[in-house]
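The following pair of complexes shares a single chain, chain A, combined with chain B in the former and chain C in the latter.
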Partner chain A sequence: MRDPGPVSVNALAGSIPDGARLALPADYGGVAMAATFALIRRGARRLRLFGVPTSGLQTDLLIGAGAVETLETAGMALGESGVGPRFRDALRAGGLVVRDSTCPAQHAALQAGEKGIPFLPLRGILGTDLLAGRQDWPVIRNPLAGEADPDPIVLIPAVRPDVALFHAALADAAGNVWIGLRRELATLAHAARRTLVTVEALHPGNLLEDPLMAPGTLPHLYVAQVAVAPGGSWPLAFGESHPADDGALARYSEAAKTDDGFAAILAEWLR
Partner chain B sequence: MSGLDYTRQEMMAIATGREIRDGELAIFGVGLSMLAGFFAQAHHAPNVRTMTEGGVYGATPVGGLPWGIECNRISSNATSFTNAIDALGFLVASGRCDVGIIGAAEVDKFGNVNTTGIWEGPIGPTFRPPKTRLTGAGGANDIACGAKRTIIMVSHERKRFSEKVAYISSPGYLEGGDARSRHGFNGGGPAAIVTTLGILRPHPETREFELASWFSFSNIEEIKANTGWDLKLAAGAHEAPEPTADELAALRRVDETGALRKKG
Partner chain C sequence: MRERDVTKSAFLAAVLARCIAGSGSVAVGSNSPIPAAAALLAEHKAAGRLTVFILGSPRHNPFTDGGREMFDFAAQGRLDSFFLGGGEIDGTGDINLLRTGDHRFPGCYGAPYLMALVPNIVLFREEHSRRVLVPRVDFVSARGSGPEGAYRTGGPKSLVTGRAVFRFTDGGFTLVSCHPGETVETIRAETGFDFAVAADPRPTEGPTDEDLQLLQGPIASALAPLYPRFTARLLRGSHA
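And then the complex of A and B:
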């Protein structure tokens, strides 16, 4: 059920329970950073993160804040600054479980989830070491292939995240959310049990009634809660209107190399 | 010598770009591979149809080296813009993509690529965490499996050129010979490993990578010394042509912030 009307960012983040399987977009895909700060402020724990399809600053922050138990992702990087420093430290300390994946495997899991089917077969991955770490990815013989053709194929089990959280440009009073070209967010919202969205602004009127906006609109059926958070992706970019704060990102990459440095920059950003 | 002043990184980008043919549907990763691809477009392949993993089509970088597959420098003048489900999940996975350029932290003699981690000693069956964790497979696995051919770009250092990679993130020819064909991939595998010293190509039967060309500032001995397997000389191996003035000018138009000139 959708809550009526927009809620506060704190209320939205507060509805994400400890232990949730939480799906998050890549750094370029509309990251709800304001809500992430709220999630860290409330002391979230044992989150099981699912990258759509890769992970970056948001995940590094959550790991550093002690909120993450497992991370399933196709890749982890802070732009050109390399692997996230808190992610790297957590791996060294041994407290973080990482389940390596690939970009289409992450999307395929959600595509199976949105359809309500148990798995999606995916070409590729065979012969790599990814399979060694993924006992949950069976390899079968294509049942439609001829007798003489072994045609092995990997099955990616469906994923239905407990919560999807992302940032978008617009929502209307009905709870429709304009995602524009970010169609993977529609797949994510279809698969997730609850989808929480922060938006730059509220749209007057109904997005689905505007023929130019409707094709890029996620219907409210798939949206549980909306909060208004202008600039809510900071310091990450959001479309053309909000370029990345390169200075802040560079400062984070450097500061987060140490526990003290991370604590200081986190405290500053949470203020 | 041509008398032109250029860096090894620029030579690697030009040699990679020479592998791209006009009219192809080409997919690029971030950083160096993108510059190599857009160099080809600026120089000899004006009708190459470019795309990134994020679904940005027909764009050229604006304002310097893009830092991501969808950042404003790459998406601002795209002719269309979809998403990773379309770019990797449909176009690459279905075998429509002619060529992909991918990077590597480590590559082995059969063109298998590691971008996941560096381990000390064997990983073991329980998959212990690496000593140095790298980004992960990302979309490169899917390009390596689905593109008709791939070009691997990697800095030529002995630690990066192993008999066998510690971890296969993206498949080349796996154990060599016909090993790859047993897995039913739509793509054909790596056509070349282009490095900062030369170009390696797979033997047509064994699929072991051999030295096909060396750059004018390098030589066979230097390349062998920086390769972790007993590198053979390919039939017809030769020195690669130096960049022409036109090639260098085209590359520098694409690399307007000089990312390739900052390194040696």
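And then the complex of A and C:
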């Protein structure tokens, strides 16, 4: 059920329950940072994060804030600065469960989720230690191959996240959200049980009635809540209009190497 | 010949660009500034016959159907070239992008899949040491060949490091050229796996004047939003 009209960023973040399986886009894909700060302020706990398909600053912050129980992702880095410092620290300390994956598997899991089917088969991956560590990814013989051809193939189980959270350019009063080229956000929203979106601005009129906008629009059918948060991806980039705040990102990757440094920069960003 | 200030990054980008010459399509993944520069250099030289996809770059993205499209494109055999690195690389072409001991790397990204499906995989790691080029990787993120019976259309064709260029054939590496200042002996001393040596190992060719102008001009500008620190190094002309 969709809430009528936009809600506040705090209300949107407040609707994500502790323990939720929360799917989040990659750092380049429309990250709802303002909502993430709100989520940390409210003291979220035991989140089970799912990277679409990879993870970065947002996940490092949530880990550092003690909000994360498990992380399933194809990669975890802060751009040019490499592995997230809070992620690395949590691995060392133990207590964070990581399920390593690969980008096409993260996408395939959501595609199976949106189709309402139990799995999708995927090429490659065979014979790797990544596969050996994924007891939940069975390998079957292609049932359509000939008798003489074993053709083993990996099955990726469907994923239906409890919540998807991302940042987009526009939403209209009906709750339609314009995602443009970021079609993986549509797949994500189709697969997720509830989708929460922060947007740069409200669009006058109905996005679905504009033939140029409609193909890049996620229909309100899949959108539970919208909040308006201009610059809501800061310090990450959002499209060409909002370049990354490179200074802030460099400062984070340095500060977050220590507990005290992380606490200080988090307190500053939560203000 | 006049003195030129060739950064190591520009040198390697020119070498990598030659490894994808003749491709119709190339994709560049996360955290790969030198391959991204190489792909754009190859694009300039190919005069419209090469399509470049750089993950995270809005201006170098020919795909319109979301993050999965590039992977689907590759599984169909449409993607000609891709660059892969490795915290560790061994003599069978297996790579480790995940961990050694308790040291964690960023992760496998698309490697376990693309290595098996993209015909021209270019392995690239600037650090050429026994720490990186190991007898056997600790963790197999992606396999250089096999496993037996598996559908496979891709694999490594070359390995470029900060010291040399190798070709990959029949499940092993052959040294084909040494960068300036290196010899077969110095390469062997820094390599943890066995390799063959081509009949005529030559010095690796660096960038032409035109390559340098492209790398330090339009290519640096194009990559600045994605890789600000790398671009500064490429432009500044100081050795990394």
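Here are some notes:
Going forward, the second predicted complex is superposed on the first by the 271 of 271 C-alpha atoms of A that agree within 3 Å, B and C clash if a C-alpha of one lies under 4 Å from a C-alpha of the other, contacts with A are read in each partner's own complex, and residues count from 1 in each chain.
One rule holds in what follows: a contact is a pair of C-beta atoms (placed from the backbone, for glycine too) under 8 Å apart; a residue touches a chain by one contact, two chains touch by 3 or more.
Keep in mind that this is a model prediction, so the values were computed, not measured.
On the superposed chain A, the two partners chain B and chain C do not both fit; they clash. In the superposition on chain A, A:Tyr28 contacts both chain B and chain C.
Once the two complexes are laid over each other on the shared chain, residue contacts for A:Pro53 go to chain B and to chain C alike. Touch criterion met: A:Gly94 reaches chain B, while chain C stays clear of it.
Of the two partner chains placed around the shared chain by superposition, neither chain B nor chain C is touched by A:Ser233. Overlap of the chain B and chain C contact sets on chain A: residues 27-29, 53-54, 73-77, 79-80, 82-83, 87-88, 91-92, 100-104, 107-108, 111, 122-130, 150-153, 181-184, 187, 237, 240, 243-244. Of all the residues in chain A, the ones that touch chain C in their complex are 26-29, 52-54, 73-77, 79-80, 82-83, 87-88, 91-92, 100-105, 107-108, 111, 122-131, 150-153, 181-187, 237, 239-240, 243-244, 246. Within the complex formed with chain A, the chain B residues making contact are 30-31, 53-55, 67-72, 76, 81-86, 88-89, 93, 116, 123, 125, 127, 129-130, 133-139, 141-142, 144-146, 167-171, 174, 179-180, 182-186. Put simply, chain C touches chain A in their complex at residues 30-31, 33, 55-56, 58, 61, 64-69, 71, 75, 98, 102, 104-117, 139-143, 146-147, 149-151, 225, 227-230. Chain A meets chain B in the complex at residues 27-29, 53-54, 73-77, 79-80, 82-83, 87-88, 91-92, 94, 98, 100-104, 107-108, 111, 122-130, 132-133, 142, 150-153, 181-184, 187, 237, 240, 243-244.
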